[in-house]
């Protein structure tokens, strides 16, 4: 169900049957020496494949650029403003609705896209009240992450290139990880970072927010499998709601 | 030189040396029964790979959505407005410049992106006069196309899913073409289509603007190889200009 | 140090000395039967007064309207879009900088303003790198809140008109609370509310997200005093940083 | 009828009965040594209270920032662009309409807000033709002002911190006036100030456009009472029109 | 000195010498049965010619569309929004500055353009502080108009297709006036028209706001000649200021 | 049928009968020593007159400013951004539709306006599907131009101040041409000019792209007459379509 491999003669019927479009959305962003710049794209894509297979959803081509304000001054990062990202996603959402989709599920590999995805979703919802627009970023993994984690988290709400994200990569895209280069960092994120614009170069030179050497495939599996289950439930719940309403 | 596979510890030096970023940019759009919706993305990507290999440029992840106004009502098309596309490309261009790139070459597989690419390029050029921003859509192939073509063209300035574009696909991405479904169409495009908004459903129900059955890998090769040579010359010319100016 | 009570002949010197402007920012929004529509404004103002007194900051007039998307369909709510709010705050920030302020601290009584405040702050920071712009919403109270709370929280990241917010009001603006009308609700917020646009009328008819009857002045005091201490530290830290840099 | 002191359980019925929302809108702006920066806010609020009492209208929280281009370089001024102000007021107007209000009366204490108020009003009117949006700035006081005034006016269409405005303050907010500091100025406003952008520092260093020492409470009363009568008539006229149309 | 009749080889030197560009700006708008839709364009052009001749300024091609909100529902009116008009004038102003002009004088034949002209002027002035941008609409004619006028004015600040404007046309563009169709109207403009959006069809069916039959060429001459003198003084004053500053 | 010479009492009926509004749209732009800056305006106007006479269309006042990015650094050019031009044309289109027109034909004398005209047309078409909006720039003259031309073209898709455009002027506006100053240039336009922002000063100092000395009135007539015939057919075709649909 790779959308761009379909052809225009057959796709209409298939959309009608599937109703669900999944957009993998990531970013190009510094992820330390052991993970590639495209880490968030790779994660989003692999998650989307897994979720699509089990829900009968279409996977759209990955939107591989996101809002990376915090790391935009690190080598390799490409930053899209929230305004541009919101407009772009909004336009996509309109087309998908007009094509017959009724669930537009964005699977994000990058926390920084959250504001834009949510804002675009609200705009689409205002215009199409019978449209389910979802912005999914590892939903419902808080508890399992705490269980799995060995090193303490560098920050209460985000993580980056650390034990956790590296474990995700080991589980989903191992071929792109070079564990021999993994670092153990202990960045001191000041309280002010939460309440004033704070580019990350102020507290890290590596972009690794934690101990990446502790990452394992198994840790990744434990968290990712729960994220996938939750995404499937949320997408199927939305599709069921749409079908019932018809 | 796949940009998103690089890591942030090494990429800075490499950018400095390469100076050139190539963005494949395509679209998701109806291409008849024999070509996939992602035809323009596949073409852009394959072209970009070839050009990058020979110029030492970095290939960025494909921007797989474009402006497809004319075909937006056909099954499978996803349309991005010019405004959104301009903003998005502009933001990318700013980041690439800040990262150290000095040639930003967009290789487009879709004519409909031309307005947005050009407008974004002009905005970037106004802000960064020492920046070379290129919008490349099969440059310099007019003559060879006329030589190669067997069927007459349906329109003097665009082509779609026809002998020509199908030949491109046979040469660059044969595995996605199903020639058994190829159609021979002879759409009568009214003169008014050039001077008033005219969705293509007014003159075609298949989105095939010509005789796709005449497509061959060989025809594709003849045109594409010239396009590639021209793109290489243009990119190297730009890079040489930048280096001389330093 | 009420800014609007100053006069233009004397204020310039005082700004130079103080450097800090505090903007109370709230919202007009449904808060159940026992709290007024202006709850978030009252909280922001009272907090600001306390913080200003101890930091020598100026208090600006309250910006009494905010982004209340989630509750906008409840009686009495007045909703400002993120776009409008961002522009407005940005303009204010520019003027305050030009007037000589170097710390612009927004004390928010309403979580829904967070996106706009942060986005405006980033824009201001991009234009004025030596400017400290803060968006403060009860910073650092996570731990004490968990200790104080008797009822479990209806949601992991927001609270509304409940034990917690009502306690804030009892401590800071008791005269506007009518505890005789306080409700004990146990709304079941679906998991999907975090990942798809979900107006709150889908899971509550009262806008009270918890047990407001458990609210006490004492609970409010415990949390609020810590919030105030943290705000003071953050503001003084920012001002010290500015002074050192000069 | 202070809107933000209402609660969401009772306000719906009251809106239905009242139909009228009054927004006091002012500015933070230099007003010489004898008047506070918040003069326009204080005037707007006091006027609004008086008008609301007699019309049964709701008073919204004051919007305390306005467009003060002309004086933005004077100490203490905070300037909002017309674009931002228009968007903000427009959003408010939409919410008020959706809440059931049918007359949205802005009582302005600051002439500089006129363009934004009028433009926002036209946009709202275009979207909601049965909505009465009013922008009120001392309506119908031309004649009485000429009678009352002792000093000649510095300008034919505006006044500032002078005999007139100081008299308003003496009548409505005497506690904020320090007559011992009142100045008598005779600024020569060049003809060009009406036809080319002219920051006021070009013709005044005090921001006092006239003889503030001539101000009296009695003069203020004479003008203000007429303004209030006129505002009441205009608001009641609008409400009567709405009711008749129902 | 008709700008568009110049050629690019000679114009640079001439601009340097003249420094002043005059833009006639009008509107297409209903003006009753005796005046053409283009009245405001004709007046602006004729005024501009006279002023240009005596100041050595260049006359730019007329911008013949303006903001005609109030009369936009009358037959023949073409309305441009303030936003569009501001952007357009701003762009023009930038180009004129870059071309070497230092005084950009807009001579308007239409009051409705005033907001856009002023706003665009302020934006240009913010970007180019040594640029004189003027918005001229019959400056300084208040007194003479009162002396000349026989019928009382329908409104204190605007006039339309009446004794006054028809007299202007008789003096400046008599060939377009058909006095045999001139009407004498006495529209009762309600007080509310000044404080709420009020399309003019609410108080007039002819768009003639007064007694057009009283118009004479002589009345027109008396007012227009003073307007012209004032415009010359203002333009020459601005140019002298620029030259002195160099 | 000069629109601005009509009056509002009679125009409504005439619009109903004509249905077609023609907007001449040009530019102020460098055209070498032998042609005036207003060449594109003069051509647009003269063409419009001819087409209007034969179709019973109304001619609107010329919009005399356009997008001249490529030549904006040449003496005398006045550049309007695409954004501003799109908004302006869009607003006009809305008003014309509301006035009763159903064919809005822009006759352009300047290629640089094409993007803005097309984009505005698409926006209008989206909002008013029964509206025919045309952007006409010498339609259907490719073949005759090749026959008529003596010198080879400097570029495959544009021409400027050369044999061709000068011939147009000799046929349509001879009084503004000074053939004694005509130049014969042979600019080498680099291939890169088509794919990267390239201000024309990079390849010409005169703005004459060819041999203007070869221009003749007769050549102009041959091409122009065909352009006019085509425009008439296109406009009448559109009007017939509208009438049939009613």
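We call the chains A, B, C, D, E and F, going by the order they appear; numbering starts again at 1 in every chain.
Following the convention adopted for this analysis, a contact is a pair of C-beta atoms (placed from the backbone, for glycine too) under 8 Å apart; a residue touches a chain by one contact, two chains touch by 3 or more.
Note that the structure is predicted; figures quoted are calculated from it, not measured.
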item	value
Where chain B and chain C overlap in contact partners, by chain label	A
If a chain touches chain D and chain E alike, it appears here	none
Selected pair, out of A-C, A-B or C-D, that shares over half of its residue contact pairs with D-E	A-C
Interface with more contacting C-beta pairs, comparing A-C to A-B	A-B
Chain C on chain F, rotation in degrees - Cα superposition, rounded to nearest 5	180
Greatest separation from chain D - chain, by CA centre	B
Greatest separation from chain C - chain, by CA centre	F
Classification of the chain C:chain D interface as same or different, half of numbers criterion	same
Chain B and chain D: spacing of chain centres that average the CA atoms, whole Å	56
Distance from the mean Cα position of chain E to that of chain C, given in whole angstrom	49
Centroid distance [mean C-alpha coordinates] between chain F and chain B, Å	29
Residues of chain A touching at least two other chains	none
Sequence of touching chains round the ring, chain E onward through chain F	E, F, B, A, C, D
Complex contacts: residues of chain B adjacent to chain F	69, 82, 115, 118-119, 121-122, 125, 132-136, 139-140, 142, 156, 191-192, 194-197, 230, 233-234, 237-238
Of all residues in chain B, those that touch chain A in their complex	3-12, 15, 28, 30-38, 41-42, 60-65, 72-81, 83-85, 87-88, 90-92, 94-96, 98-99, 176, 178, 181, 206-207
